[in-house]
Amino acid sequence: MRLQLATWQEVDAYLKECNGIIIPIGSTEQHGPMGLIGTDALCPEVIADHVSAEAGILVGPTISIGMAQHHLGFSGSVTLRPTTLIAMIRDYVLSLSRNGFERFYFLNGHGGNIATLNAAFDEIYAERSMQRGSNQPGLRCRHKDWFAFPAARRISKECFGDREGSHATPSEISITQYAYPDAIKSMPEDRAEKPVRHFTDADDYRALYPDGRIGADSFLASPEVGERLVKECAKEIIEDFNGFVAQP
Amino acid sequence: MRLQLATWQEVDAYLKECNGIIIPIGSTEQHGPMGLIGTDALCPEVIADHVSAEAGILVGPTISIGMAQHHLGFSGSVTLRPTTLIAMIRDYVLSLSRNGFERFYFLNGHGGNIATLNAAFDEIYAERSMQRGSNQPGLRCRHKDWFAFPAARRISKECFGDREGSHATPSEISITQYAYPDAIKSMPEDRAEKPVRHFTDADDYRALYPDGRIGADSFLASPEVGERLVKECAKEIIEDFNGFVAQP
Amino acid sequence: MRLQLATWQEVDAYLKECNGIIIPIGSTEQHGPMGLIGTDALCPEVIADHVSAEAGILVGPTISIGMAQHHLGFSGSVTLRPTTLIAMIRDYVLSLSRNGFERFYFLNGHGGNIATLNAAFDEIYAERSMQRGSNQPGLRCRHKDWFAFPAARRISKECFGDREGSHATPSEISITQYAYPDAIKSMPEDRAEKPVRHFTDADDYRALYPDGRIGADSFLASPEVGERLVKECAKEIIEDFNGFVAQP
Amino acid sequence: MRLQLATWQEVDAYLKECNGIIIPIGSTEQHGPMGLIGTDALCPEVIADHVSAEAGILVGPTISIGMAQHHLGFSGSVTLRPTTLIAMIRDYVLSLSRNGFERFYFLNGHGGNIATLNAAFDEIYAERSMQRGSNQPGLRCRHKDWFAFPAARRISKECFGDREGSHATPSEISITQYAYPDAIKSMPEDRAEKPVRHFTDADDYRALYPDGRIGADSFLASPEVGERLVKECAKEIIEDFNGFVAQP
Amino acid sequence: MRLQLATWQEVDAYLKECNGIIIPIGSTEQHGPMGLIGTDALCPEVIADHVSAEAGILVGPTISIGMAQHHLGFSGSVTLRPTTLIAMIRDYVLSLSRNGFERFYFLNGHGGNIATLNAAFDEIYAERSMQRGSNQPGLRCRHKDWFAFPAARRISKECFGDREGSHATPSEISITQYAYPDAIKSMPEDRAEKPVRHFTDADDYRALYPDGRIGADSFLASPEVGERLVKECAKEIIEDFNGFVAQP
Amino acid sequence: MRLQLATWQEVDAYLKECNGIIIPIGSTEQHGPMGLIGTDALCPEVIADHVSAEAGILVGPTISIGMAQHHLGFSGSVTLRPTTLIAMIRDYVLSLSRNGFERFYFLNGHGGNIATLNAAFDEIYAERSMQRGSNQPGLRCRHKDWFAFPAARRISKECFGDREGSHATPSEISITQYAYPDAIKSMPEDRAEKPVRHFTDADDYRALYPDGRIGADSFLASPEVGERLVKECAKEIIEDFNGFVAQP
């Protein structure tokens, strides 16, 4: 069940069984010549919907804009400053915490979010720990990248090998092709630039990777691989989420 | 075209024709016994998609969480503090501005966002105006509530009269029923509490309106009315957007 | 009684009778060729003083600088960024709340403040609602624009009709003429520009309205009308304030 | 001339002669059994008005609420957090800077503001100095406490000697008695607590100084002394301001 | 050369040769029964001093307090909120940038800082990238953890194998023993708790790891191993720094 | 004992005897042709170490970077914005407060920090005082400048008279010469510029004082005077600290 498609009474009922929620988080940024700008948000959203359908876990609204400063050299990319994203995640968590949620599971689709996600959790914890004498109930946050689950790594390796790359990968594009068949794009079969070194800011990124991809042969993507990724990752996420919620 | 479903080259091409974008903004908050928690975000998103399909206007990712502090008394409601939402809107606008967007049209679905939206625009303008000597190009923001367009008022009046109310209205629920037929809920035909006075905080709201509705007979909603609302509002929005972009 | 002219023991005594306070809020911004830069702060201050004299309600120090980014194209205009004004209102309210005030009635003289005032109230409420487990007492904020009371609208309509306009209006200038007779200015009887569309930033405003007025024939102002406005608005404000404080 | 009582064209004319402005800043806080809560804001405002009348210097709207956290143990005291006051001073200065002001002279009436005023100036300077490559024009800020001018010290010593004390002093109360004769209060001739050590927070202050005064025999105040203070301080302030504006 | 032990003319001379600087960053937090609270700051500082002695690279003052919210359950631990640390790093970098530094190399000694360091770099880059039209020169930031260099891993593996653990490790304690022989502490040879799962906040950490260590047999530390670690890591850091500065 | 060289159990034991801590705070900024850039941080650190050795008082890690915006015109100077430093001091204090510290004694070495230190304390107190209903324990902060103790003034007067000046003074340089004999620098015996007026921003400072000193004949410094300063100031600081901790 998506939180957005529930009523408040349904949430009340859910909270009697489970105090955990999955929150997809992605980014809005260029994904090379054929990858969708929304790829990083759409992938965890699609997977989370599958998780929800399979296991009845509540899914909050997707955080579609993340930390993507390094992509600002390309039209259509949008970033939040890390401090803005920290504030947003804090408010999201504390709002739900008010009515009984205590386990927040962020399903992430964008490597550039990882640092800020961790910083946001630390911000929440630090703020509360410094308030000696407060009466607040506990809460816990976890984030997991869908592409780091064993299933994702296994399928990627099997289907794309070292042509997966690290940005605008055929894996992530496969998922969007599976979920948005009307938005499948094509490109010439140009091999991508291999990563030479870690980029820094937007100008540096664009100079290093002029078409936006990093080592990824996006054109290898297919909806069939996307379907496998969604379904097999979902299984592992359900298990991981259940373990998280069951922690004493 | 949704920005999320475009490539950066497609955005580059779009910018040659038009420097404006529509950004749906809503909220994640209780909508009474049968209204969806995502109603306020889903409605402008659905309408914007229709606008886009009709007129080729680019639509940015929806801001699904807005300012909803007054609904925090009900499970599942989420708010951003106004200062967080201001920071988010600022980053969204300035990111797109970097590559050439100059007209930002926020299509809003939630009355509680109006003040913060206006404050956010003023924050952006003020910050730039105080920086005497900067070289920044101009930009303009506008927000419009879908429910305040003449078409929305006319259809609401015709279909629901004074039973429309002001929260969890049959109009907004009709739109979600049209767009999400699998998520149609029902409720007893209980007449809603009429608004007695303006609420203040979350405790106050819940005390005044125990089932979450304000004066709205949500159960009058129908997908058919939803379809009319979407299509007729879209026409007026296209015209309004075009006027905005055409301003010298 | 003005808070500024009271002692703390007098405030202690007042709090035994009433936990409400009126806080005038305005702006420091150009008001056309004959309007005073302080008009928007002076008007609610003058009215609040009359309210206080009539009904013994405590009046806090005026917030003289508000949100006026759109006037920065004219010398002497001053703005706070919305986030600064939000912080200021928050501190003002929470300070007084510490010693027992619980009803905060902002009497506003500037349309440009309305959004930020509402955002500030939401910021205060949101911050507290998210702190599950805190022991803070309740508080309520309300703002009212003096120029939106029925008395103000009635007198404006009767005296100035459609020449009232919306910035540097003869009504507001009348009040400052009544209260500051030594600072009455004159101008040629030039009819003002009619509003064509809503302005955005400071450059846009100045381009649209070169002498600073919007549709207002300021030169129609008179101290006599000012006196009527002050006295008749005050009556309605007293009633509204009393209703606010009496809310359960 | 008060900025609040000027038109924008008058400010334009003033800027042709002088790019400096005086900004009174005070506080809203308890001043013992007979001192007014607004004392610290009213004193510099009254003196600045005299300065303006004598020398034609422009006076901006008074910052009536300052940093008074240590007085929050008494009803009616209001404080801004230092970070809020810094933001406010920054916006005030940068707003006026946009149209040509470059010398900002804060006339201060409250010892508790001094640290934050200096921090605010440093914030403004630091922010600009870190922006290597910006095109911003220069600006300079100065603050002076009216009570630290030689005239103030001389009159205080002559009239009150060691009974002046340091909070709710007969000097500052004399000025408010001169300017607000209708708000003169009385108290028993109780000698004030002498300061034992520096206070820290609001609870500490109230415990050390239960009636609010620090070493000040407020009851020695008189309107006549107030008049002398205003007039003689004003002379020295005019000279100091002129030197500030004349700096190359 | 430590920046703290240089004169500004020496820095001017250095900038003619090199625009890079090493900034040690650590933490102030419990390190179990025998580890020093300053371990994470002292280790990179000691190594950076050796780097500087060997290669003449300038070393800025150590950031001794980092992000350590999870250690607040133990006395003496200090944390900055991530947003505070981001602001601090930003100011540090932009200050040095003003006079010509363009390569900022943070040598990190604390895993808990990694997320916030990355977020801080993104904050700096994002802030600048959003300011279309600014004239700021470029800058680049890199962070490296001393314990992740091959030399550190090799020596740790050789000397401590799987008893190294991940907090209060014998490696890091060895370095402090080498550098601070007067502060060597001892403890019983109790094997440490093995990590069961990732901790969240301070209460959770303390419950999982009651003596503060995570899987680390701190008592295996020795000054001799510390000396090897310092000298061999320094070699690799010099090479890495030179590559960073040489980037086009 | 330095906190950095203690274990958490040692801190637990210390807290049974004393809830106070000394925190050295300085700056990283030019100190003229022979003064070290770290002078202002090194001096209080050296003195605090002596205090600790003599009296067993715990010393927290030095805040090495302070408020030094006015020195940004010289290479190697680093500043925090006042708001950043306020946040940092707040976090430092509240972290230690969590586990029982209640008296925070900042030993300061830089005049430019004084305003921000006071503002930081007020920020901490204000934040807590506004939270009516919280359960937080009390805490108190004090700052003292080492150079303002009678011993420092006496020795300076005796050794350097009116050639002490106010920046890059022979006194402070003497202390660094005593503590860092390997970093003693020399300069020609040029008499320093006398202060003409108070500086404002970095450009102004550099224009007024081209070699960085203000009225200070730095070349008079000697390690012997440094030793006297450290030892005699330490005695007075111990007494002052003990009085602070003993306050009821």
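Annotations
Every chain is named by a letter (A, B, C, D, E and F) in the order it is written, and numbering of its residues begins at 1.
Please note the rule applied: contacts are C-beta pairs under 8 Å (C-beta built on N, C-alpha and C of every residue); 3 or more make two chains touch, one makes a residue touch a chain.
Everything quoted here is computed from the prediction, not taken from an experiment.
Think of each touching pair as a link: the shortest run of links from subunit A to subunit C has 1 of them. Common neighbours of subunit A and subunit D under the contact definition above: B, C, E, F.
Seen as a C-alpha superposition, subunit B sits on subunit E after a turn of 120°, to the nearest 5. Between subunit D and subunit F, the centres computed from C-alpha atoms are 29 Å apart.
Remark: subunit D and subunit E have CA centroids separated by 46 Å (rounded to whole angstrom).
Residue positions 72, 79-81, 83, 91, 95, 98, 126, 129-130, 134-135 of subunit C each touch two or more of the other chains. Taken as a graph of touching chains, this assembly has some other topology, since it is neither a line, a ring, a star nor fully connected. Chain pairs that touch one another, listed by label: A-B, A-C, A-E, A-F, B-C, B-D, B-E, C-D, C-F, D-E, D-F, E-F.
Here subunit F touches subunit A in the complex through residues 91, 94-95, 97-98, 134-137, going by the rule given at the top. In the complex of the two chains, the subunit C residues touching subunit B come out as 67, 69-70, 72-73, 79-83, 86, 112, 114-123, 125-130, 138, 140-142, 197-198, 200-204, 247.
Residues 2-9, 11-12, 15, 28, 30-38, 41-42, 60-62, 64-65, 72, 74-81, 83-84, 87-88, 90-92, 95-96, 98-100, 180, 183, 185, 212 of subunit B are the ones that touch subunit A when the two sit in their complex.
Those residues of subunit E whose C-beta lies close enough to touch subunit B in the complex are 126, 129-135.
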